[in-house]
Amino acid sequence: MEWIKLVINLKGLVNHLLNRLFFLVVVIGVPLSVIGSLMHWPYVLMFVIYCITIVALAGFMGRATESLAIVAGPRVGGLLNATFGNAVELIISIFALKAGLVGVVLASLTGSVLGNLLLVAGLSFFVGGLKFKRQEFNVYDARHNSGLLMFAVIVGFVIPEVFSMEMAEEQTLSLSIGISVILIALYLAALFFRLVTHRGVYQHETDVVDEHEKPEWSAKFAMIVLILATIAVAYVSENLVHTFESVGERFGWSELFIGVIIVAIVGNAAEHASAIVMAYKNKMNIAVEIAVGSTLQIAMFVAPVLVLISLMFTEKMPLVFTIPELIAMVTAVLLTISITNDGDTNWFEGAILLAAYLIMGIGFYLL
Amino acid sequence: MEWIKLVINLKGLVNHLLNRLFFLVVVIGVPLSVIGSLMHWPYVLMFVIYCITIVALAGFMGRATESLAIVAGPRVGGLLNATFGNAVELIISIFALKAGLVGVVLASLTGSVLGNLLLVAGLSFFVGGLKFKRQEFNVYDARHNSGLLMFAVIVGFVIPEVFSMEMAEEQTLSLSIGISVILIALYLAALFFRLVTHRGVYQHETDVVDEHEKPEWSAKFAMIVLILATIAVAYVSENLVHTFESVGERFGWSELFIGVIIVAIVGNAAEHASAIVMAYKNKMNIAVEIAVGSTLQIAMFVAPVLVLISLMFTEKMPLVFTIPELIAMVTAVLLTISITNDGDTNWFEGAILLAAYLIMGIGFYLL
Amino acid sequence: MEWIKLVINLKGLVNHLLNRLFFLVVVIGVPLSVIGSLMHWPYVLMFVIYCITIVALAGFMGRATESLAIVAGPRVGGLLNATFGNAVELIISIFALKAGLVGVVLASLTGSVLGNLLLVAGLSFFVGGLKFKRQEFNVYDARHNSGLLMFAVIVGFVIPEVFSMEMAEEQTLSLSIGISVILIALYLAALFFRLVTHRGVYQHETDVVDEHEKPEWSAKFAMIVLILATIAVAYVSENLVHTFESVGERFGWSELFIGVIIVAIVGNAAEHASAIVMAYKNKMNIAVEIAVGSTLQIAMFVAPVLVLISLMFTEKMPLVFTIPELIAMVTAVLLTISITNDGDTNWFEGAILLAAYLIMGIGFYLL
């Protein structure tokens, strides 16, 4: 039993160090962001400062959400996680929409889907697989998620793409709005299904989460942190969005590449880290849940919400990706389903997913 | 045991009432169809009368086929069901082909595939799932059917579409004829497989149908009903087909929308009803068999037969759908396979299929 | 036990006769090839002689590789088989590339994928299924291979196709090179996974190959045969490639049809035969391994190696197939995965695959 204590201590230590680092970055990064933007420091420098600051702020938002979720109990907690899990991405995207960068927003949605399905899941399987020969996870959840992935990406994203080719702009927008409402409704139905009508029906005993877990922060403190961090993320995001053009020109990156690779990685860095840690601790259910669950949140909640929010701005966003974006997402979904439907992973399955991410990354870079 | 008797009585009562209703509709609807068409009543009114009459006549054809199938024994009966199951749809389509409405026929085939896979299966899973937490069905059958769906839609329909883009019209027709012959041959092989060489090999014991079932009607009476109803359906269908143009103009419906949504629902109403009743009685094997089996019949028998029949008319029908039709069918097949391959359903899986149907319906409406 | 001896004797007899036939063909075919090409015999005659000679030489190469593999032990042996398994196809393709026939090479890669997945697997399942009602094979291997098929064809081949539509030629080539390197790296990783880190982890006991098998030839003799046969194949292939144009004109075959159907069948004839023999002996694991393993070798090793080799010639080969080729491969992969993922085959599943091959064959013929 000694080594278990050691692992727990070690884990505590790593968490502790990471938390301090994030604290430091926030304490330094937020003021730097304000000063730099007022004094018009070079765009590339500011781009880097903004990105790092957002990653650290996202860490705080994650901890605050988790604390609130534990206090609120599993049902409301699940809802909280489902809503705030991609808050950072949502905030950045709203400011990008406001700045008229519809292409960047669609690209960053694509990037989040690819990043979660291929990069996060791939790294989790690979890193976990280096330690364990075979890792297993709940097949029922994987299949439930497969159906939703198929629905969201293969139906929800493909249909407007194909149908809009023969439609006027107005019809395309109507179709996008209709689909967005349906996607959000089904996302809420999925939460209702998992948290209410079928809670525990498809779960193994080992999946049951320890309900006596203690929150890190009190509800009040967590709430304050959440509000402050959200305000800070909003401020930094608005500035970040305006550096894209200059940074793209400087490095020869297209709008597409910035959205698919850069924004997606900054917006999801916190999840990336925790999924891999979970895989390394052989908690594959949680690792897969983070990767696939986050994808579903992006596709069924963040994307349609952004379509609806965009109606308030001058540039409306239809749910129509570019063909390369769509094909990349469709192939990523098919590959993920094919690899996860046996409920068993190993380092090589991780390598396949990472190789697919690499191929798509090269493709978007060269486009 | 009391409630079982009650349920059986109730079921008998519902069936009895439905049969009386259908009888009434036929007795009133057929003369009205004749009179209205002779006296040139308004198209929209006639369209409604024709549709309702066909649905009721289809009910009679279904009962007659079932009686004959029981008398004929499981093998010939299976063949009868397989051939007459989509007779109404076949008859409407032949008259539409005769009137040169190739686009409507292709659209109604699309609509039947989408309607069976998404609407019928979706309603069955949803309604059944409201009553039962989990419903199970034979995984082997589902997988057997998955392979056939993949073959028919993903190979049989996609290949002529893609290849015909670089072909002259004549080659496209040759390819369509070749594929049609292969589809029909494989459909017959599938019947041979299920009814002869592998009868019962993949079945659970609980699947075995009660072979002592009594037919509703005598063979002679059933035959007469079948012949009369078929003649009546043919007469009404021919008239129905000629109302499409006016109705479309009146309501702003495209040819595509009429075919995909209206004709498909009228042509399949009887099956829709019985699949949902079966799901509600927890007979998921039968519900799934109706939904997926009917799709296969459309894709592997009705569609290729119509291609061959069209060779007798001036307007030939190649097996080439529009791109939105094809993509809608392909995504519906992938979604269905992904959802049914675990042999387990619940209300949420039904909701996914219904949401997909709704999305496609909006798409075809706006197109 | 008598019949077992008989079967073994019979098998030995068939093998013996086949070996003698191949020996005869080589002894006659190679000199005829030399004489005919020097004396400018008619192209069509030479085309036939070259094809038959190559099939027989491929038989010798297969026997030599097998002998060497047994001597070298399972790991190096697996590597040998993986490398030399498609040597004939590789050699023909290199000479076709040298002659600038990029289209034929891509078509023959397509044909190998289709031929292995649909024709070889189809014939194996069908012929095996005529003798046995149900045949089973290792599900883990099938799923492992499914993931790789998805990766290679659905990601590796689709991405360059779609992305290259909006790219300049130079970028397309860069993307092709990048993907080729990744495909080869992952192919080597797959070998490492199966032969080293996870050897036996996913295997049933019955799969374990008899490690006391005796090689047919000594290592030295096998090496000499392999070298001589390779040289002969190279010589005949170079000549064969130059007959394509005339033969195509003579029979009205397009470059595409020659590549997809003719070259693919000649290049894979040896594997075709042994997969079917294995299926008939109810060794489905080996039959499936030959069909799917060979496809993976083509897609993840031969194709990318040819892309890299083509950089040395004036006509570079990007990894960009024609749309019909790509769609045919994608649908073949989806169909195969759908049919093999239950680890169970029968004659009807074979018939489905064969019907799909026939449909595609007609399509390529008419194109």
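As written, the chains take the letters A, B and C, and residue 1 is the first residue of each chain.
The rule is simple: a contact is a pair of C-beta atoms (placed from the backbone, for glycine too) under 8 Å apart; a residue touches a chain by one contact, two chains touch by 3 or more.
Remember, predicted model here, so these are calculated numbers, not experimental data.
Peer 1: If more than half of the interface residue numbers appear on both sides, call it same; otherwise different. Which is it for chain A and chain B?
Peer 2: Homomeric contact, different residues on each side for the most part.
Peer 1: Between chain A and chain C, two copies of one chain sequence, what rotation angle (nearest 5 degrees) aligns their Cα atoms?
Peer 2: The two chains, chain A and chain C, differ by a rotation of 120 degrees.
Peer 1: Could you state the distance in Å from the CA-based centre of chain A to that of chain B?
Peer 2: 41
Peer 1: Which chain C residues touch at least two other chains?
Peer 2: Not one residue in chain C touches at least two other chains.
Peer 1: So in the complex, which bits of chain A are touching chain B?
Peer 2: Spelled out, the residues of chain A in touch with chain B are 140, 143, 146-148, 150-151, 154-156, 158-160, 162-163, 165-167, 171, 174-175, 178-179, 182, 185-186, 189-190, 193, 197-198, 201, 337.
Peer 1: Okay, in this complex, where on chain A does chain C touch?
Peer 2: Listed in rising order, the residues of chain A that touch chain C are 133-134, 323-324, 327-328, 331-332, 334-335, 338-339, 341-342, 346-349, 351-352, 355-356, 358-360, 362-363, 366-367.
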